[in-house]
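Each structure below appears as structure tokens.
In what follows, chain A forms one complex with chain B and a second complex with chain C.
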Partner chain A sequence: MSNPEAIPEAIPEAIPEANREVHQQANREAHQQANREAHQQANREAHQQAESAYFSVQQLTKCFGGIPAVQDLWLEAKAGERLALLGPSGCGKSTTLQMISGVLRPDTGKIFLEGRSLNLVPPEGRDMALVLQKGLLFPHLSVGENVAFGLKMRRIGRAEREKRAIAMLDQVQLGGFAHRRPSELSGGQAQRVALARALVIQPKILLLDEPLSALDANLRGNMQELILRLQEEIGVTLLVVTHDQEEAVVISDRIALMFEGRLRQVDTPETLYQQPADETVARFFGGVNFFTATAEAHKLTLAGGDILTTAYPQQGAVQVTIRPERIHLLADQICGTNLLPVTVIQNRFIGTQRHLALKTAAGLNLRAWVPPSLNFAVGQSAFAHLPPDALWCFPASDASVSMRVSDLSASVY
Partner chain B sequence: MSAKSGRWKGRWKGRWKEHWKEHWKGRWKDEWKWRWEDLNPTFQAYLLLLPAVSIVGLLFGGGLLLALGQSIGLIGIMGDGSLSLAAYQQVLSSRAFWQSLQLSLYIAIVATALSTFLSIGLAVMLQRAGRWASFACQLTLPIPHLVGIAGILLLLSPSGLLSRVLFSLGLIASDQNFPLLVNDRANLGVLIHFVWKEVPFITLILLAVLRGIQPELGMQARALGAGPWQCFWHVTLPLLKPGIISASLIVFGFVFGSFEVPFLLGSTTPKTLPILVYEAFTNVDLNQRSVAIALGLMLSLISMTSIAIYLWLGSEKPFGRWFGRSWEAQNKT
Partner chain C sequence: MTRKIVLLLIIGVLFLPFLPLLIWSFAQGWYFPQLVPDWTLQNWSDLLTTSTKVGQGFGQSLVIAATSTGLALLVGLPAGRALGLRNFPGKGAIKLFLLLPIIVSPLATLMGIQFILIRLGLSGTIIGVVLVHLLPTIPYMTLVLSSVYANFDPDYEIQARSLGASPIQVLQQITLPLIAPGVVVGALFAFLISWNEFLLTFFVGSGRVFTLPMVLFTALQGGNTGLSSAIAITSLLPALIFLLFSSRALNDDAAIGGLGNV
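And then the complex of A and B:
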């Protein structure tokens, strides 16, 4: 062994921490760069579409005690669109919603609705309705008075507002509940009353802040259906804030994904699932398979020497991901391309699916969600087919970090 | 057959004894507990209240009964043991009583209303302030009324501090020009004292109620189209109502029955009812004793009646559920 080779062996022991920091730094800068580019593009578009966009938010920023909660946020929505603001708790999505509704004043930024700037418009003049978590009905008013509240504030006569409130209650399947007290309602009923209370004022935009998080799973499904049905009937533009990606996927046409006060990706649910912008996005949507490769157009060369074909051309070092439900597991070698020989190392039955952990001959860990009828014993050999259109890759800016994370997660599973 | 039945009988005897033993096992011990748990919860609550209520009932109610007996001449030094309503007749026919009642009600209503309005404003403004606000509010609470009265006399009387300052500044020619704020006919001094003393008290209660109201409710109201003023009027104030009612009720009852403040700061010609009672009670003419007691009983009666009226007015929808009725009517159609 010569000296020049001995030194690099010693270094990885000494600097993994420093390495990680450098990578994180690079990561952050890359995101900022991506953000900036996205904004510049959005800016150009905003100038072009200033009239055409029904609702837009530009450069929205809010700090609490010097700590940024929302940074430089750009968003647009078409009339009648369903848009979800998705992110982990504390990412600034509720703050954004409050600034849009007007109860919170942004530090900088502009909000437009139908070409009108809303910055100086108080919340009551914005033609928006906000539904908060748990419904939050006024405890001193009956259900009917709660629904009629917005109309009363608009000085609509009693007979008219009672008629409209009762019609709205019928629409949320709560006819005959008008004289009840809010304390007599169940959580789901309260949430429906809150929805009726918001819709009865015929807002241009309906803002929902975690509307279903306090309900149990069954009720949540019903409420989602109700919200979607009412939205289709009324045609109101919908802006939903949620931390639940499944809810966001079901309810919305487009999802705006936020992390740490910044928008990361705004796309359709399908795109976010199949073509995430980076590993964080992929992981947020339940992505578990990540590995590095070198790309030459459609050809991916894996670290272990395996060669895969992808439908999406890339160049250089890339991070590859595939949804676990897109991996096919075959007992025999039927077709030739994108087939990796694997060993099943874990088999978990979860009712509707079977979660398998696989290891390729080259030592790559993969997780596959297969139909429950495909029962592979632990230790059994099989072939994993990775369809080319399911193999998505993005530049490996944070390759080594994610490798380490995925190794960790693999060892946990 | 007989042998068979005899055996059966014997067996039954044994089983019956066993059953009996089993039945009464631990019954005596559990019986009281079992009965207590079986009681209606409302009745349980009343039963638990009984010791406290009986003490109050004996001391207060007994006292009232004794007073009633004295006022109608059944008990007492001057009475001959026969029933007579002369004392009540004397009270109700005297002009001084009606004037005093008017004055007492005027002071109680104006002082309560003023301090309540000021307190609502103060509490809403102090809502977002920190703990120091509550502390500042509590500052005047432990000061006795007598000390407050002395302070007001020193400050606001014609020879008081304010008058002297204004005189030395040349704003008034002499202390005769200083407006009469103490022992005046409008009882301004009394009102000033009560407002000074009761505003912190009501504010303290209202602040506690305000802090219990979810701040999101205001946000929700604004987002549904309520302006800041509408939000206060339709959300904050109704939610604050129970606090306002109980706090102002305490103040009203206290001010109506208060003696030392109108005695020292109030007007001299019409006197408030408690002063009238005091003067009749300490009169050298012992015949006045029954009048004093009759007056005192009437004072209690008026006080209780006004509190009942107040509670009724403050209750939800005192004049029938007008709005609620219209909802129900629409539901039926």
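And then the complex of A and C:
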């Protein structure tokens, strides 16, 4: 594992000798990073599966003026999968999308779709359709002409074109809008037309760039539903790029989380919430409870002497986290394990939940999000139950590395 | 109602200076103390005779102005795009540099230009005149188009390409229609600058290239006020036709980019 040459060795014969030089160099630099072990493993696994994956991105790197925007990115998707590329602004996710769609040329790395390398394929030949944040309907064309644009570029006859465009408009619930001008549409309608325009060409991959962020809250829900329903009907592979973790969680099967040009964790939304790879990931997904402990298999000894049991065995100094909504607050001591006596020091009602700030006897601060019916007065004593399967830990040494990033991501909120 | 009156006033003020021209062009002579001149159609029928060279001048002006406009567009479109959409070191200096032909009097540069054109054998040819007309037209065109492109969202092009359009198709179907109003303005500027150019044509044409301003100059020198007025009015025609034709394109709200901050 420590041998930096290990990965280039595994690259298939197809890569010319000259490229291999660059390859090795890029890899070597990448390896100087802190979490190299995990990295290499991920790389190797990704590479082994790359042959069989429907869509895959390998070792993608792009620099702007010597500053890396995307570094050594590996990603893959199964046919019909919904994948989200999530990260704070400036993390390189848009650059990645541009490289996948063919607008930008990667410095190194490869992009495969159905086993075919796309590196030399121009955007119009990639069988991918892009929906940008602003919708961007062509203002000089009618709604119908906008939807039929991709078909026209594919030299499909006028009659067939119109038939398919109108059918597609019906599918996004905009039947009868074909003759309107884009300027006559609302933001939500324009976004739906943009979706229809992308789907009518039957792309292999639908690329969505922040599809909901320009819409107001109540339209978002409708649009999410529409995207999910159409995706299920058509079965298109979906790649969503977004900075909004809620949007990513709702739309996708798996989320690829990016920080500073690198992938940090690729997992299902549930895993990212419950079992984040490190504190930065946890904080990005709204994690607020972090404390240090010493782990001996399932036993966690907190700094104040309290002892908790976790479902996930660890050894040594660890950083423990628990989702605020997983903490149960009880007025009485009813079950024995993982129960900490606490005092309520803050109570904020936010409609669907109550956000409570708690302090244990040992001085540990916790935040718990409880149902609004559970009303605890400030200063009241209670018992916080931390379920063993909700207590997740990662090695404490990671914390120092990620602190730098977490400061950055905290400013995003 | 008041709006109409104001509009009529504006039109009146704008067109009043042309009134004496119009009268002169229909007059045989109009001297003090005559209140009304002796009317004649002689000046206008003279326009059509070959001896006045008006027909030839009109034709040559048209060819030269159209060619310079076309060439200026060819240079201005990519140059304007680069200045409008990209950031690169020295961009401000280049913009200033573009203004040089407008700032520096052509009188200062004409001798040198004439010298080089004679050596190239282009002096006194239409090609030579077109070349020197590019001197003022290219900067105007580039500056107009750079502000047009600055208001153009290149994401439209990315969007079109991802939907299957080749770069040529993107240019034809998306970019040009969207920047059309700005292109029309730029072309109008360039055409009129070339159409009205006197000094450059006078020097480089060496009397062999005979555009409408040259014809007008000759007529004025000959002291024929009536014919001069008729030629002057004729020389206004293309601009008026162009304006009428382009006003439709300029009014089209759907076409974005538009005039930008021209």
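We take it that the second predicted complex is superposed on the first by the 347 of 413 C-alpha atoms of A that agree within 3 Å, B and C clash if a C-alpha of one lies under 4 Å from a C-alpha of the other, contacts with A are read in each partner's own complex, and residues count from 1 in each chain.
Operating definition for what follows: a residue touches a chain if its C-beta (ideal position, glycine included) is under 8 Å from a C-beta of that chain, and two chains touch if they have at least 3 such contacts.
Not measured: the values here are computed from a predicted model.
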| item | value |
| --- | --- |
| Superposition on chain A - do chain B and chain C clash or fit | clash |
| Chain B versus chain C as contact partner of A:Ser101, first or second or both or neither | both |
| Contacts of A:Ile166 with chain B and chain C, given as first, second, both or neither | first |
| Chain B versus chain C as contact partner of A:Ile227, first or second or both or neither | neither |
| Partner touching more residues of chain A, whether chain B or chain C | B |
| Partner chain(s) touched by A:Ile201 [first = chain B, second = chain C, both, neither] | both |
| Chain B versus chain C as contact partner of A:Pro122, first or second or both or neither | both |
| Chain B versus chain C as contact partner of A:Ala178, first or second or both or neither | first |
| Partner chain(s) touched by A:Arg154 [first = chain B, second = chain C, both, neither] | both |
| Intersection of the chain A residues that touch chain B with those that touch chain C | 98, 101-103, 122-124, 128-130, 132, 136, 138-140, 149-150, 153-154, 197-198, 201, 207 |
| Touching residues on chain A, where the partner in the complex is chain C | 98, 101-103, 122-124, 126, 128-130, 132, 134, 136, 138-140, 149-150, 153-154, 181, 183, 197-198, 201, 207 |
| Chain A to chain B touching residues, read off their complex | 98, 101-103, 122-124, 128-130, 132, 136, 138-142, 144-145, 149-150, 152-154, 158, 162-163, 166, 176, 178-179, 197-198, 201, 207 |
| Residue numbers on chain C that touch chain A, as the complex places them | 153, 155-156, 158-166, 169, 173-174, 177-178, 253-256 |
| Contact set on chain B toward chain A in their complex | 214, 216-217, 219-228, 230, 234-235, 238-239, 241, 323-324, 326-328, 330-331 |
